[in-house]
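Please find the structures below.
Two complexes come next, and they have one chain in common, subunit A, joined by subunit B in the first and subunit C in the second.
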Partner chain A sequence: MSQRVAIVGIAQTTFQSAKRAQNYAELVHEVVSELFTKTGATHDDVDNIVSASSDFWDGRTISNMAIQDVVGAYMKSESKVSSDGTLAVLYGMMRILSGQYKTTLVVAHSKGSEGTPNLIANAAFDPIYQRQLGIDGLSASALQARRYMEKYGVSEEEVALVSVKNLANARKNPYAQVAGEFTVDDVMQSGYLAEPIKKLEASPISDGACALLLAREDLVDRFTDKPVWLKGVGHCQDCYYLGDRDLAESEALAVAAQRAYAMAGIRDPGKEIDVAEVYDAFSYQELMWTEILGLCPRGEGVELIRSGVSTIDGTLPVNPSGGVLAAHAVIVAGLVRVAEAALQLRGEAGQHQISGVKTALAHGSFGYCGQMHCVWILSNEK
Partner chain B sequence: MPKSVAIIGSGQTNHTSRRADVNIPELIKEAVDRALADADLTIDDIDAVVIGNMEHFEGINLSDMWASEGSGAVMKPAMKIATGGTTGASVAACAYYHCASGLFDRVLAIGWEKLSESDTTTGIITAFDPIVERLTLAGAVGGLAIEANLYMTSYGITQEQVAKAAVMARKNAQRNPHAHLKLDLTVEQVLHSPMIAYPIHYLDMCPTSDGACAVIFASEDVARKSAHPPAWVKAAVCRHNHPYIGDVDWRKNTLESAAIEAYRLAGITNPRRELDVIELYDPASFALLSWIESLHICGPGEGGKMIDAGAITMEGDIPVNPSGGVISTNPIGATALIRVAEAALQIQGKADARQVEGVRTALATGFGGSYWSEVFILGRTP
Partner chain C sequence: MSEEVIIQHTALRIPYSWAAGAHATRFYREIAEHRRIMGTRCPRCGRVLVPARKSCSRCFQDTTEWVEVGPIGVVTSFTIVHYSEPQIQPMKPPFAIALIRLDGADTALLHLLGEVELSKIRTGMRVEPVFADEPKGHILDIRYFKPVSID
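Let's look at the complex of A and B:
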């Protein structure tokens, strides 16, 4: 890359099951205003905008129409990524790398409270073969969880360890929606939503928004003395039909990770990454994704937790924020993974701050059973 | 110095009211296969995919996930861009930025829509704010009718002049094998067609179509090695507007703002002289008069004179919409991309019966959302 790009500002709302006092524009206005306050930026400093939202979740065609004024898009270029927020960061970065723009405002919003989640999820399944099964995100993920656990000999009690870790971490994150001090027993008794997934192993559906300001290398000093450099990124989309792939594997995640690591010059992710924020919409997913990201061997995701490595006091904490299990505003949650990784690198993660973070991994996913993955490597060192 | 990007191939389906013979991935694959053949490439040569449509129309959530079977996105970096009527141009812009960033070499841009499977007007209505606007704005034609009325009243443009533009564009479509409507009309027929929303008659307005379009963008090094003459991207500009229709200033429009910036980037000082052909996004026929003024092809209010003088016909000074334009073909997610593809074909000399002679510089526009605009300028040299 000729000139590098950095995150120079971060803002997120608290995540709640229903933010009734704010509409989409007001949620986005909150994060954009906070971003401007923190960085000293104004709308004049924003060259272009990349937004991320879902028309289905918003119940609005052209869902970015709702936020035009609050992102300052009047007579400016704005475009909408209709996919996870991690891809909006990539698009925002590419626009700067093209040389046409010096800064990009990246923003994502979602209000799960204003939709019917399982109808919305079911609508993603093709109308010819799958939709009539009534399948949705939860039931599809249950299929994947079962397949993974069978293939790699992972028990329900082991999966429960993810919930125990992340929901406890979330108690230290003021933005998190769900948090608590739970035991494995609590998780096991929380009741099945769709076997083998239990209530405490499923993310909530949240309302919230998140925004980042990206700037070209030569401009970062205008906004911050703690830039977070975008060192490497990879994204990859898998095949669509659940039966066309072994749900216990994810070649798409492996490919995305490889590309990100290569770009960032990472050879041994387990050693070189200091903290990871991965997309754990369900507890089993943290185990799968950390394995396929190469942070541990396949089938040994639970060892990362048991050995203490991925706990908040460990050498490679995973989801110190509580992860998606603690807050899940669709599309926003991936952007939040990048935001949380950036906060760690800036030393601004408050009570869930990990010490000595130089390199962070942020992971987003979209499409059921992880059809699309995007992996970011960020650093506070050039 | 950022490197140049070119279009090295494109493909379209034959757009029509209803493609009962293909499902969505199959429709997309038709266009993708044609684009690959046009560029002498296989899907393996493609480094990334950008795709767009409007999910509410076909009622398919995460439409890009199912589409992957036909788009070729399987095991590739892929993202979805969705911005309403401008979607096709936004997709083209995203693909352009993929290459311009230096991160990707050959990027496949796909726009598509299967409007026979949708209630299009209902879908469009959900774009408007549910509290203050949705009850009063009727689909796309409502807002267009307001603008048409203001334009025609301000400058004394007659309905006959607007109807002449409809006749011209529809006649052009007869030479385009991909066009949906190929109508041989008289001005009287247009004026006697039913009024949809004053002053827009049925035959002034665009149809809804089933169709897909694919365009392959390439980085400079790859484009230079292409067997076919590339169409170089000289400018890609986007401008957005206020979200509420009551705030929009009709005399300061986004198309003019985008065009001014595009001309600056492309080094064009006299568009009427320096542009050889225009593919203008004409959702209704009045746009052919009003929006060439926005493009500075003639002065304010002179659109009527241009039509009367035959200046924008195939034989005229500056042919507009040799393809027949949007009022002949409108698969919404593809429509703005078709403008870019048609402009590229003109540069490449591949426009067959609709080819304008000696095209060195072509301009394509996109329109949609709350009066958003996109402008592309393509040329024979980088």
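Let's look at the complex of A and C:
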């Protein structure tokens, strides 16, 4: 990229099963206010806003209408992404690269507690051929989990290791909703939701919000002395119908990753990436995604954990924050992956800080079984 | 005054009338009138897409040929759903949702499994459709797929 864009500020709420003290506009107001406080940015410093939210999850048509007042959009341009927050970062970066804007506020919110998650998830399936079968995000993912496990010979006990690792990591993350010291047995005994997915292997649905401030290279110093540079990004879509794909594979993620790596000049992701935050909405997904991201050979995602490589004190920690398994505000969760990667690069991740992080990967996904993937490479070096 | 904020309980109830489109209309008519399941073939990649649709999900080509598939197929993945969501679920949990690749098809059909002991379901199992007595023009005109009886 000829012109560079950096993340110059990061704010997130704590994630909880129900944040009853605030309505969703108040959640957004909290993170935007915190972002301004942290960066010293004022209302006048923000040229435009890209928000991420969902009409169905918010329970109202044009969900972003209700947050204009609390993102400071009055007499400014604001545009909504009705998809994962990683995509809002992409749109935000593109707006700056267009030359029209110097800064962009990126903000995502969701309150899963206020709707009925399985009904909302079922409504994502088309009413012509699928919806009446009663499928939702969880049961769709269970089809993918089984297909992946059978194709690559991965056992339920092995998949459970992801939950053991990530929920233990989450104990060090004050923003997480679910955390704890669990054993493989605890995960195995936690009860089937949709076989082979068990309760401790399914992310909780959370309430929360997250915001980033993006700035053009020449303005970065005004807001921070620790910019996080957007070095590479790839975005790709797969077929809609689950039956059109081999659910054990994800060509869309492979393509998104290759685009991001090519842009960032990454040749050997397993060696060059210091920390990764990936979209583990379900435990098996961390294994699939890390394999397809090229962090290890196919079918060996579990070896990354067993060998200690992807544990919090390993050479390539994956989801040191606890990942999506620890907090899943729908739409927000991908933006949180970017936020957590940026915190690692700034040395501000607190108890789950990894030492010496120079290059970080953040991954978001949307649409069932990874229909869409967005991969970011971030760095604290220009 | 109480510290608790007010929680307002409401619901969105919005009726819709969906146009199924010409291809889904024929797909359901074939089930209703002939008890056969049809796919459409992409002229470029040659895949037979089931359920039938107007264009190929990969090639952006209009499908050109209708092909009868199955009705027997193979389970390529399945899950047994244990949680209850009565507003959307067509069966009482536990029940099985599966991807089924019908003979002659290149994609899998999402559907339900019935008349089967849940613990005995396996991928690779051969299944056949059980059609509804009174078809209504939707996916539950196939009630579910059941294991092929071994003669």
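Everything that follows uses one rule, which is that the second predicted complex is superposed on the first by the 382 of 382 C-alpha atoms of A that agree within 3 Å, B and C clash if a C-alpha of one lies under 4 Å from a C-alpha of the other, contacts with A are read in each partner's own complex, and residues count from 1 in each chain.
The rule we apply is simple: a residue touches a chain if its C-beta (ideal position, glycine included) is under 8 Å from a C-beta of that chain, and two chains touch if they have at least 3 such contacts.
Predicted model, so just to flag it, every value in this text is computed and none were measured.
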Is A:I128 contacted by the first partner subunit B, the second partner subunit C, both or neither? both
Between subunit B (first) and subunit C (second), which, if any, makes contact with A:L247: first, second, both or neither? second
Thinking of the overlay built on chain A, is A:C239 touched by subunit B (first), by subunit C (second), by both, or by neither? both
Classify the contacts of A:E195 with the two partner chains as first (subunit B alone), second (subunit C alone), both, or neither. second
Check the residue A:G59 against both partner chains and state whether it touches subunit B (first), subunit C (second), both, or neither. both
Mind working out whether A:S139 is in touch with subunit B, subunit C, both or neither, as first, second, both or neither? second
Applying the document's definition of touch, where does A:T103 land relative to subunit B and subunit C: first, second, both, or neither? neither
Now for A:R147: first (subunit B), second (subunit C), both, or neither, which partner does it touch? second
Tell me which of subunit B and subunit C touches more residues of subunit A. B
Going through subunit A, the residues touched by subunit B and also by subunit C turn out to be 59, 127-128, 239-240
Residue ranges of subunit A in contact with subunit C within the complex: 20-21, 59, 116, 118-119, 122, 127-136, 138-139, 142-147, 150, 191-197, 239-244, 247
Of all residues in subunit C, those that touch subunit A in their complex: 4-5, 7, 12, 16, 18, 20-21, 24, 49-51, 57-58, 76-83, 85, 87-91, 97-99, 101, 107-112, 123, 138-140
In the complex of these two chains, what residues of subunit B are touching subunit A? 1-2, 23, 49, 52, 54-57, 59-62, 64-66, 68-69, 73-84, 90, 93-94, 96-98, 100-103, 123-124, 126-130, 236-243, 254, 257, 368-370
Using the touch definition from the top, list the residues of subunit A that touch subunit B in their complex. 1-2, 25, 48, 54-56, 59-62, 64-69, 73-83, 87, 90-91, 93-95, 97-100, 120-121, 123-124, 126-128, 234-240, 251-252, 255-256, 259, 366-368, 371-372
